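Below are structures written as structure tokens.
Paired with chain B in one complex and with chain C in the other, chain A is shared by the two complexes that follow.
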Partner chain A sequence: MTSSAQAASAATSPSQTSHRHIKEGFFSRTLPFWLLLPSILVLIVIQVIPGLFSFFLSTQTFERGEQIFVGLRNFERVFSSSAFNASLFHTLFFLIGYVALTMIAGFVIAQMLNRKLRLSAFYITVIFVPWVLSDVVVGLIFRLFIVPDYGLFSAFFADPQIFPPRGISILTTPAAPALVSGVPFPPAPALIYLIFASAWKALPFITLLILAALQTVSREVIESASIDGADGWRTVRYITFPLILPTLIVALFNLTLNGVNGVGLVFSLTGGGPGTATEVLSYLLYTIGFGRLDFGRAAALSVFMAVINLTLILLTLRISRSEREA
Partner chain B sequence: MFGIRTIRNQRLALVSGALVMAVLTACAGAPAPTQAPAQPPTQTPAAEAPTSAPEPAAPAAGGESTFVSWYQYDETNTDEKSDERVGNAYLRRTIPIFNEEFKGKYKWVNQPQAWDKMTLNLIAAVQGGGEVPDVMQVDSTAVQTTLYQNGAAQDLTDWIKAQPWFNDLDEGAVSACTGLDGKIYCVPIAETPQLVFYWSDHFPNGYPRTPEDFLSQAEALKQKNVYAITFFGSTDFDGNATTRFFFTTLASFGGGYDDGKGNMLLNRPENVKAVEFIREIVSKGYAPEVVFAGKFQEEEPMKTAEAASFPTGIFGYRYVNPLRAPSGKEYNTKTEQDMIDAIQAGDVKLSAFVAPEGKQPSCGLGVTGLIIPKGARNPEGARAYINWVMDQRNNADWVVAIGGGVPSLDPTRTAAAFQSEFYKQAIQATAGLCRPWQGTLTNPPEAQKIIATAIYKLIKEDPAADIAAELQKAQDEYNSQYAPGS
Partner chain C sequence: MKSTFAPASLSPAFYRSRRRIAPWLLNGAMLVVCFFVLIPVLATILTSLKQQTDVQRNPPVLFPCDTPDGQFSLNTCRWSVEGYTRIIEPRPNAEALLGFEYAGRMVSVYLPNTLIYAVSGSVLVTALAGMAGYVFSRYRFRARRALMIGILAITGIPLLTNLIALYRIGVFLRQTFPGYEERLYVIVVYVGFFLPFSIWIVKSFFDTIPRELEEASFIDGCTPASSLIRIVAPLAAPGLTSAFLMAFVGIWNEFIAGYLLVGKATLRTAMFGLYDFIGQFVIGYQVLAAGCIMVAAPVVIMFLFFRKTFFRAMVEGALKG
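And now, the complex of A and B:
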């Protein structure tokens, strides 16, 4: 470097350094934002804008191709239909059965797998199979088991000695008369079967989730509890359960949202039938939107379902927080 | 420090604002349909201006312009076991013929669509200003939805009336393509009436003519472990049963679904009698349980002759195979040929359904045809194609392969393709008896679901329920929301 170049460099150096510092400071401070920005933009494009558009659409109707503002008329149409009331209850019953069955079965199976059984890896692989199947495939398989007269197990269910007095046909036997007028309870056999099929499909993920959490529970803690005289149930209740609670909350969260929004199994297994016995809200939304092409009313129902989803999320978070605090 | 942070915040806000704006602008994409420039004038003044941004079809070398069709069939699918093989083969055969005939002028390109998503895709494309086809296959169950609620088809009235073949069209078929405003929105090419396929060995004296006759024969068949009838009785496919056996029965009893003014009229004595009749069929075990299983599985007992008769659309011949006759004779090509052969051999016959004394049997009438969607870029190509299909040289082929029914054009009925026993019987069984199930109802999809749910409840879920009261409840639910002026 010549002396003149050194002089020039020395002359520009302070301002460049200061500028670089400002730049580095700016980017280092805002780096998280820049890293998140692509995700934020994607979310805006695929969630926020469609969400707002759905709300807009819920106030519109199409008549001969013309979009007309109808205020809350679509909501009124949705809420006043008999199909909506029935599907609301079906969703509730389905959700309770599906979440409870999957969580309990998932917890029990995960506990068993956590005991280092022989061939544990094999069991885990087998258990994982339903998870990789699509809803439609699972629905068709479960349907083939019970199609009246032709299904693999239809003769078993139709046997009056096993299911008195006349046997049942899961896909077609209607629900028993409602115990309370206007509330479709007890549910039809098809809804119970749908719960089993859905639980079977969801079980692998939940089992693995809980198993992973169980494996983080220190063996020393369990052994200490045992030495202190805690029996199996008390150990689970007071040691294991609190330690894996955050994972259980995640599982609960996942199942609840899947349960409210899933449509594939209903579509392929029961088609909402018999009658409307398995018509849950998500299926009703599908049929109004994509079957009857009534986008305004479908959007109104989707707004309602978004509110349900948000409520469930907030409820789950609240339970989670209070459990943690406790 | 404060100043630098303010500058940073401002810069950050500016950059992120610009990015969000860029994304939103990119997403806005094509201009809204209503803001689109008017379509360049077409040669036919009757053609309706499209609503989305149209561009003239890009002429290829030599001035040849491409037009796009949407069919449920796929010419590239050569699977001989495909349910849609007949239509697939038709397109594979005719696309080159058309393109050769119109070389230098029009080139036909087909984009296959799933049959149950075609209407939805079109409406989404029209309303979203997306790519729409120039011509699309439709059936009359989609017509009301497509045309009225969502306005996705062009008004073809003046153009169709100016065509030389218009006066040869069956009036019933034209009415199925006519909107409540009296305008014609589709070109009817094939009629698909509902009729009864029955095993002649199970009904050796022909199909019963009255409900009483049917019930007595059904009892006799039951003693032989044969179901008298199988039908689509579930609420699946959003109440599709409404368009099939339910309408056939109610209409044959002199009933129907509408009052002729757009209102639902379900609670009437004829309908009550018809539901009583179906209820008796179910409660006495004259129909198999699979009738209520949905997904078209009610066809199975007909295939094995465990059920003696099967009311369905004329196009059912394609799907009900292989067959085993009561005599044990097998029709086992596993193609539509099985039913054709069984009919030709006299094992299966076609008939209208039963009707009470003094009434005429009736049935639902569907129509398969073509529409030109709003926003079509090459309506001239579409019109040239429709004229080509309506030409006597090509019409029968389309009716057999795409329509799966009988021709809407009278002269085509004399074509060799329709002289088989199957077509002769089908035309004879349904001549002048059928009509579109929806009548004047303005929201058929909604009506379809409400009616199917009500009738299903009465015949299966609660066989002791008061029929008139339940029909009235369904009628009130529809009329309060969807009747004109509601």
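And now, the complex of A and C:
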């Protein structure tokens, strides 16, 4: 990134005259540069260089201590592997369930909280507790519910009448045979359970975001809509929904990003299992890179994930900007 | 919420009746929601207070309070802090503070490490984000927009992408420099991870402080630097506090970076310790639950004290960014 140099030249340029009346010492004139410098250095060292280094690693392979340039072969091998194919679908199923569940629950709860109940502050605080828990803690808490035989929910899942034919044990029951070969659908119970655990953790943040947006919708608009004869559902559908749409989109992208990148919960809840049933992309990346120490292929996969992430962020940016200008 | 079609001609009494019922119903619904949200937490607290024999019951019991013939009785409750003592491992030692030394790795190694990483990391993040956020909020220069978008784009690099490279860089540093300090490396990595988001938060807080205050201070003879320290910094305290708190909770809860980058057993983090417990206490569910409570309690308490600051920081960070 050459922008730090640009910042310096810009800061010292005569066009920067917001404090013209001050005696312009060298330090005062270049103050913005010095204030920015440490942050930029840290970001270059910890984020930019490692990012580029990973990109470089994705074109390398390591054989008997030697590093060889292999071009795009790492990408080919990753994308053609069945583990990648399966984990792509796992991620997709996970994302759909996780995003839908969290958005719907968050929207409903935010609607209720927006009614200015006397205890709203208390409710928000309570609902927010899961947010401060770490992924590992959340995974472990939900794991304790379903440990074979002794978990609080284990008996419920093991009941053959609720889950025919023989009941299930989340941590050990594999996925049912795939309906279409190559597509691991239906997903394993563990993946569905993972969705619930993740949604539980993400719910507070999404609720708060939506609530903040709902509070900007003026009462008058809602009231005039109901005077014009709109019922509750239509008010939500035609008034509230369009007004908070930008926030909903931000929330959606936030969830997707966290869903793609989050890995701590998989670690402590299922460890990718049973088998590879909960091996989402980020967990696969971990197993390739740090389990098998195949850094070249792991880097290739990580570049693929970075592309997904950057696309999502640029889309969010574009949408939120166009909304602000409109 | 969903009501039948209500024409404008309905009597005021209709609306009043709707309003009178709604809060009652909504409060009930919200209490149910809160209860469901808290079930996992409450269940974990209960589990952490059971004995080994009570966590290994099939069918499981919520309260360890049943008599042998299956009756519930408060007199027979067998609460126990065994889970906690197995983590803390207090050993009587006349010379130590309070007469005990704490041998458990969680208390003697992992939690202190995490505290060091979280405090030093978030102090650095706050300082750097304060300076950078101030510049982005107050100065207009050519590269400003590019830099801001660059910082946002950086948040798009997945953690694991960087970690692959950072892991190899760490291995390289360890082999090349004998005096290499792993702890310092981890702290700098954490600062780098949490800085972009913090810069955005701090900038949006600075944006709410009127420029006139600073201009007045310039007229009174302040230089930009002294105006920043004397006028702006106190006003920006809430913003800096939120940056600090968010970074603190973020570093405290961070697992994968600490797990991969820290090699020495004595420098491991609390989240690593907790993850390690899963393999260590295979059926000691009360120990695992107690571990969760111990690791989570500090940040939960912190959150309860500063919840408004957290809420504001999150909304600002997500919507302005």
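The rule we apply is simple: the second predicted complex is superposed on the first by the 261 of 326 C-alpha atoms of A that agree within 3 Å, B and C clash if a C-alpha of one lies under 4 Å from a C-alpha of the other, contacts with A are read in each partner's own complex, and residues count from 1 in each chain.
Going forward, a contact is a pair of C-beta atoms (placed from the backbone, for glycine too) under 8 Å apart; a residue touches a chain by one contact, two chains touch by 3 or more.
Note that the structure is predicted; figures quoted are calculated from it, not measured.
**Q** Would you check which partner chain A:Val45 touches, where first means chain B only, second means chain C only, and both and neither mean what they say?
**A** both
**Q** For A:Asn74 in the superposed arrangement: first (chain B), second (chain C), both or neither?
**A** neither
**Q** Between chain B (first) and chain C (second), which does A:Asp149 come into contact with in this model arrangement: first, second, both, or neither?
**A** both
**Q** Looking at the overlay, what does A:Thr59 touch: chain B (first), chain C (second), both, or neither?
**A** Neither chain B nor chain C is touched by A:Thr59.
**Q** Taking the superposition as given, does A:Gly273 touch the first partner, chain B, the second, chain C, both, or neither?
**A** So A:Gly273 only meets chain B here.
**Q** Under the stated touch criterion, which partner chain does A:Leu35 make contact with: chain B (first), chain C (second), both, or neither?
**A** In the superposed model, A:Leu35 contacts chain C only, not chain B.
**Q** Spot which of chain B and chain C makes contact with more residues of chain A, would you?
**A** Comparing chain B with chain C, the partner touching more chain A residues is C.
**Q** What is the contact status of A:Thr91 with respect to chain B (first) and chain C (second): first, second, both, or neither?
**A** In the superposed model, A:Thr91 contacts neither chain B nor chain C.
**Q** Taking the superposition as given, does A:Asn261 touch the first partner, chain B, the second, chain C, both, or neither?
**A** The second partner, chain C, only.
**Q** Touch test for A:Thr102: chain B only (first), chain C only (second), both, or neither?
**A** neither
**Q** Taking the two structures together, which residues of chain A meet both chain B and chain C?
**A** 22, 25, 45, 49, 143, 147, 149-150, 290
**Q** Which stretch or stretches of chain B touch chain A in the complex?
**A** These residues of chain B touch chain A: 4, 8, 11-12, 16, 19-20, 23-24, 27, 51, 117, 119-120, 123, 126-127, 145, 148-152, 234-238, 288-290, 292-295, 297, 300-301, 374, 445-446, 449, 453, 456-457, 460-462, 477, 480-481.
**Q** If we count contacts the way the header does, which residues on chain C are in touch with chain A in the complex?
**A** Touching chain A from chain C are residues 1-8, 22-23, 26-27, 29-30, 33-34, 37-38, 40-41, 43-44, 47, 55-60, 62, 128-129, 131-132, 134-135, 138-144, 146-147, 149-169, 188-189, 191-193, 195-196, 199, 218-219, 223-225, 249, 252-256, 260, 271, 274-275, 278, 283, 285, 288-289, 291-292, 295-296, 299-300, 302-304, 307, 310-311, 314-315, 318-319.
**Q** Flag every residue of chain A that touches chain C in the complex, lowest number first.
**A** For chain A paired with chain C, touching residues are 1, 3, 6-7, 9-11, 13, 16, 18-19, 21-22, 25, 27-28, 31-32, 35-36, 38-40, 42-43, 45-51, 53-54, 57, 109, 111-113, 115, 117-119, 123-138, 140-145, 147, 149-152, 154-155, 200, 203, 205, 208-209, 212, 226-229, 231-233, 236, 247, 250-251, 254, 260-261, 263-264, 267-268, 282, 285-286, 289-290, 295, 298-299, 302-303, 305-306, 309-310, 312-314, 317, 320.
**Q** Which residues of chain A touch chain B in the complex?
**A** For this pair, the touching residues of chain A are 22, 25-26, 29-30, 33, 37, 41, 44-45, 49, 62-66, 77, 80-83, 143, 147-150, 169, 171-172, 174-175, 270-276, 287, 290-294.
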